[in-house]
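These are the structures, in structure tokens.
Below, chain A partners chain B and then partners chain C, in two separate complexes.
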Partner chain A sequence: MFEELNNIAGWSLKNLPTNKMILISDWNTDASFLLHHFLAFYLKANSKVVLAHAAQSFIHYNLACSRLGVNLERSRNNGDLIALNLLDASLQQYVEGSCENLSLDSEECLNFLFGDNSLKHLFKVLKRCVENTKDALIILDDVTLFLGLGVSQKDLNYFVHYMDVLCKSNNCTFVTLFHQNFAPNISEPSPYLCCQLYASYEIEVKGLESGYSKDVHGVLTLKTKETEGIKTYQPHKVMHYRLTDRSLQLLAPGTSSAVL
Partner chain B sequence: MPTRMFFETPLNFVQYLIHLRNWGKFVCSVVMKKVTFTKRPAKGGAVQVHGTVVSLHNGLLLVSTGIPSLDSVLGGGVPLGSVFLLEEDVHTRFSTLLTKYFLAEGVTSGHGLYVASANANPDVLLNALPKPTSMSSTRSSQQKNDNDMKIAFMYKDLPKNQSSLSGVSRYGHYYDISCNMDKSEVEKCDLKSLHLTDEISYGEGKNDMFRYTLKHLKQCINNSRYEMKQKNSGDQQLNVLRVVLPHFASPLWCGDKPDNIHNIVRFLHCLRAVARNSMIACLVTIPTHLYHENEVAMIRQLVDTSIELEAFVGEKNPVFKQYHGLLKIHKLPRLNSLVNFVPDSFDLAFELKRTKFIIEYMHLPPDISETASRQGMDETNDKLHPRSACGGVSLNKKLDF
Partner chain C sequence: MLEKLLSGEETSRLVLICDDQFTNGSTLLRAFARSLIKRGCQLHLFCFEQHPTNFIKHLNLHNDSNVHVHDFYSDPIGWDDGDGCLLGSRLFDINSKINQEQAGGSNTAVVIDSLSMTLQTCESTSVCQQLHKLSHNQRVIQTVMLHHTHLHVDDVTKRLSHISDSVLKLNLTSSLPKITFSKKSIHDGTICVTVHRKLNGKVFLSEEKVEILSDSSVEACPWQQDPLSAQTGGISLNEEPDVTSEANLTFNLNLSVREKKERSKLVMPYIKASEEEKVEIHRSTGGGGKIFYEPDDVDDFDDEDPDEDLEF
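Entry: the complex of A and B
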């Protein structure tokens, strides 16, 4: 997990964010490294994690997280991690019309691809996974993919709302990734704004305005929505980041070693 | 660290070995056992597939694109199990050439080939592959280096890393595009092609052309040497299948419905699922200039690598005099790790010579001091900064205050 990110956000192994929705958004870049951070973070804290991955195969997460010090294979065997392989389920449904050999969970949640095109079944499966546990984490890679596959914006907004209610009622946390370069249909509410509405934390990742640089990979903005207490204004924390094979280095803008 | 580990695929075992070697732990206990306790020259469970090399950066198995300079820009080649998108230039002249190189490299490396095309018959493409030049090595089996490595014995069984720019290696060959490859060479390969004409019934209408193609591809891979699920029992040697979809998502592929982008996205998503579970390297070429920017962004998200060729058509800029176009990199593969390989520079241009196609880093012309007068420089300056509309005379000397 990325220690510096945890320090800046005020998270730690004893102070996990719960009951919240965390939105990771990016613009023209790929912020999926933050998903690995949350995976490693919650697994180290011995929480239950549900990983619904539609964008990459399980092996990708396994190998990437092994650099962060967690073994996803072992967690899956222990029962700490439930991996819903939406990628393979989507393929099986596309080719055969049904997925029989995969686990029951994956089969049901992919029913949206044939039929009413809504994410109800996916929601039901996720709800079932976190039924009797506390402090679980649900990671969904990647919400914009569903928009590309044909789910309407309205249905996606409903899904996000349902997930938010699930988080608050079941004490779990929902993390998802949103790519902002999807252009919304103006007649319906924008899914990005909807996600922002429900998210308590938003981590926005963009490239540098001045172009590509080897030392500073981009700008990371942490937006926190403080709902309790008197403080109503929380400034956005804007940082430059540099991603290495094992860690994420966060720097105040302009303090990179290449500049100073 | 657990003593028994289960790997879903032999490929991951290779990657895990490389990863462990980087960490410097426990390589001894895994590899040494095979060397000391079992006397056969075991490869330690590592997969050896000809025509592939293990990446120096992240331990993935790579296959060559056929153009060594493109391989070096991509960090060694195209990773196995990934989808490579080539965004076509407007007249498809150079993208067709790159496709041919990719296929020719497959023939020379002994890989299987799969071509699915809706426009022209795939045979047209396959009959015009460039011929390998004599500098390329033949498909001989790897000479086992039986030197006793007394100190580095743990590295004995790991696959050798080879630089893709050297012409002598088994990976990365040179071709002569002015001659065609012998048909007999092409026929030696395991070749499957699919020509999507109107005669084939797709099911529920033209929109199912995508689904039909994917089903056909999946059938070819199932229970064959390209599937990764089989144990290395020795009866079917694992091989790489190069899947090429030229001119994909062109108007012939798509029906008349407005939600074509969803069909394309769905197909690419499922293609990624197929690729991750098999020993295939896909090359898809799409005429992205026909699509809206956001649709193109969506397509790029579903592939692993994306490069675009922008050919100069009627370009008079003297800075680009020797080149035929620009190569833009939109996405580089980031598989199984947090960071990806990045080339030294993103200013790349390509040039089509009489016998080959090369990609180079573009350099600005040298900045000679202002007082030296150089004819070439003056011409350049004139063209880059045209005279003012007022018709004033452009001074060659800079005004000095």
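Entry: the complex of A and C
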């Protein structure tokens, strides 16, 4: 896991963010490395993790997390990790019309592909996974994909609302990824703004405005919601980051070794 | 104006609080709820965005028997095997709920947190009709509702503003979002722009700087934008951001007290301390000029007259 990110946000293995929704958003870049961080972080803290993946295969997460010191295959066998393979199930259901050889949970999740077009079943499955569990983590990779699979913005907003209810009632945390370069239908509330409304933390990842640099890979902004007061956010923390296989280096803007 | 609306000194049957991404209107909504309860109203609380117990907890009430809760947060559309209170024919019909729950009395107030989910589920025109009916319900003395302007198109905000007696728009004192990596924000202020329509048709506009205290009470004072900061887009030229946050930098940019004293003692090279190197030019009183010349070490001063060999 990325220690520097935890230090900046005030998190640790003994101080996990619970009862919260964490939104990871990116703009013309890929912030999925932060999902690997949360996977490794919570598994190292011996919390239960539910990984609903529709963007990448399980092998991808296993490889990425192995570099961070966590074996997802072993965690899945131990029961610490529940992996909902929405990627394979969606392809199989779309092409063949059924989900043979897949777990019942995955099949139920994807009923929205035909007819129903709502994420109600996915919500119910996720709720069942975290029932009677404390400090669990639900990761959904990623929420923007559903908009391309026939789910309306309104239904996605309802889903985000219900995930917020689930977090608060079951004392768990929900982490999801949102790609901001999705163009919303302006007649309905934007799902990104809806996610922002419910999220207690937002980690926004963008590329450098000045262009590509091999020493600095982008800009990471941590936005924390105020609990009291009229202002929505505490002052943002803006940092440059450099990502390697095993670590994430965070720098104050302009202090990279390439500049100084 | 804000404090008059809160205390009830100014009558307003329908109050609309508008916030955006950078301002949080629910704290002002709680202030209104608290003030209505203190005035002895029976409060009907419609919660869509947070659990009612969370809302009431922040009101810091000793006795919440005057609060009637309508929970539209936990299961608004029946996904969790609930009754789906927001769906179908059981739409957001506040009037019938109020008329059912109270046999008599005209001291009812309604607080709605917030309108976004209802506006998603129903047409904005039908929501406006419901709210307009509510504002004319004789049993209801005031309805206060929260609206997130950034989630909906401008037309929806305009419709809601049109039916409301008072519209309170929360803005930050700077139009720029607060992006800084220092711990202290450069600008610490939220202003509330209030447009209030009296019963006689007069419209009042006020801009006030607002602060919500820990007991949900409100402090408001008149606010005027500094002309200089208006030109600079809200950035004050006198304040310097604290960019030397030690958490992020690996070197020290600050000076210690001793270093500052030594710096003040430093003499600039262009100031000549020695008076022996000065060249003085004086004028004599007899009218003629005299030149006082002090030769340097490298000057080859010859007393001989160089024109001695010339014959004139």
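Please note the rule applied: the second predicted complex is superposed on the first by the 254 of 260 C-alpha atoms of A that agree within 3 Å, B and C clash if a C-alpha of one lies under 4 Å from a C-alpha of the other, contacts with A are read in each partner's own complex, and residues count from 1 in each chain.
Just so it is clear, a contact is a pair of C-beta atoms (placed from the backbone, for glycine too) under 8 Å apart; a residue touches a chain by one contact, two chains touch by 3 or more.
Please read all numbers here as calculations on a predicted model, not as lab measurements.
Per the definitions stated earlier, placing chain B and chain C onto a shared chain A by superposition produces no clash, and the two fit side by side.
Once the two complexes are laid over each other on the shared chain, residue contacts for A:A45 go to neither chain B nor chain C. In the overlay built on the shared chain, the residue A:L91 is in contact with chain B alone; chain C does not reach it.
In the superposed model, the angle subtended at the C-alpha centre of chain A by the C-alpha centres of chain B and chain C comes to 120 degrees, rounded to the nearest 10.
Contacts of A:D30 after superposition on the shared chain: chain B is touched, whereas chain C is not. Once chain A of one complex is fitted onto chain A of the other, the partner contacts of A:Y162 are limited to chain C, with no touch recorded for chain B. In the superposition on chain A, no contact is made by A:L16 with either chain B or chain C. Contacts of A:H60 after superposition on the shared chain: chain B is touched, whereas chain C is not. Minimum Cα separation between chain B and chain C in the superposed model: 20 Å. Of all the residues in chain C, the ones that touch chain A in their complex are 19, 21-25, 27-28, 49, 51, 54, 73-77, 79-80, 116-117, 120, 148, 150-153, 170, 172, 177-185, 190, 210-212, 214, 245, 248-250. Looking at the complex, you find that chain A touches chain C at residues 120, 123-124, 127, 154, 157-158, 161-162, 165, 168-169, 186-190, 193-194, 196-197, 221, 226, 228-233, 235-239, 251-253, 255. Remark: chain B residues 2, 5-6, 8-9, 12, 15-16, 19, 211, 214-215, 218, 259, 261-262, 265-266, 269-270, 272-274, 276-277, 294, 297-298, 301-302, 334-339, 342, 346 touch chain A in the complex. Contact residues of chain A toward chain B in the complex are 28, 30, 32-33, 36, 54, 56-57, 59-60, 63-64, 66-68, 71, 73-74, 87-88, 90-91, 94-95, 113, 144-145, 148-150, 179, 181-183, 212, 214, 243-246.
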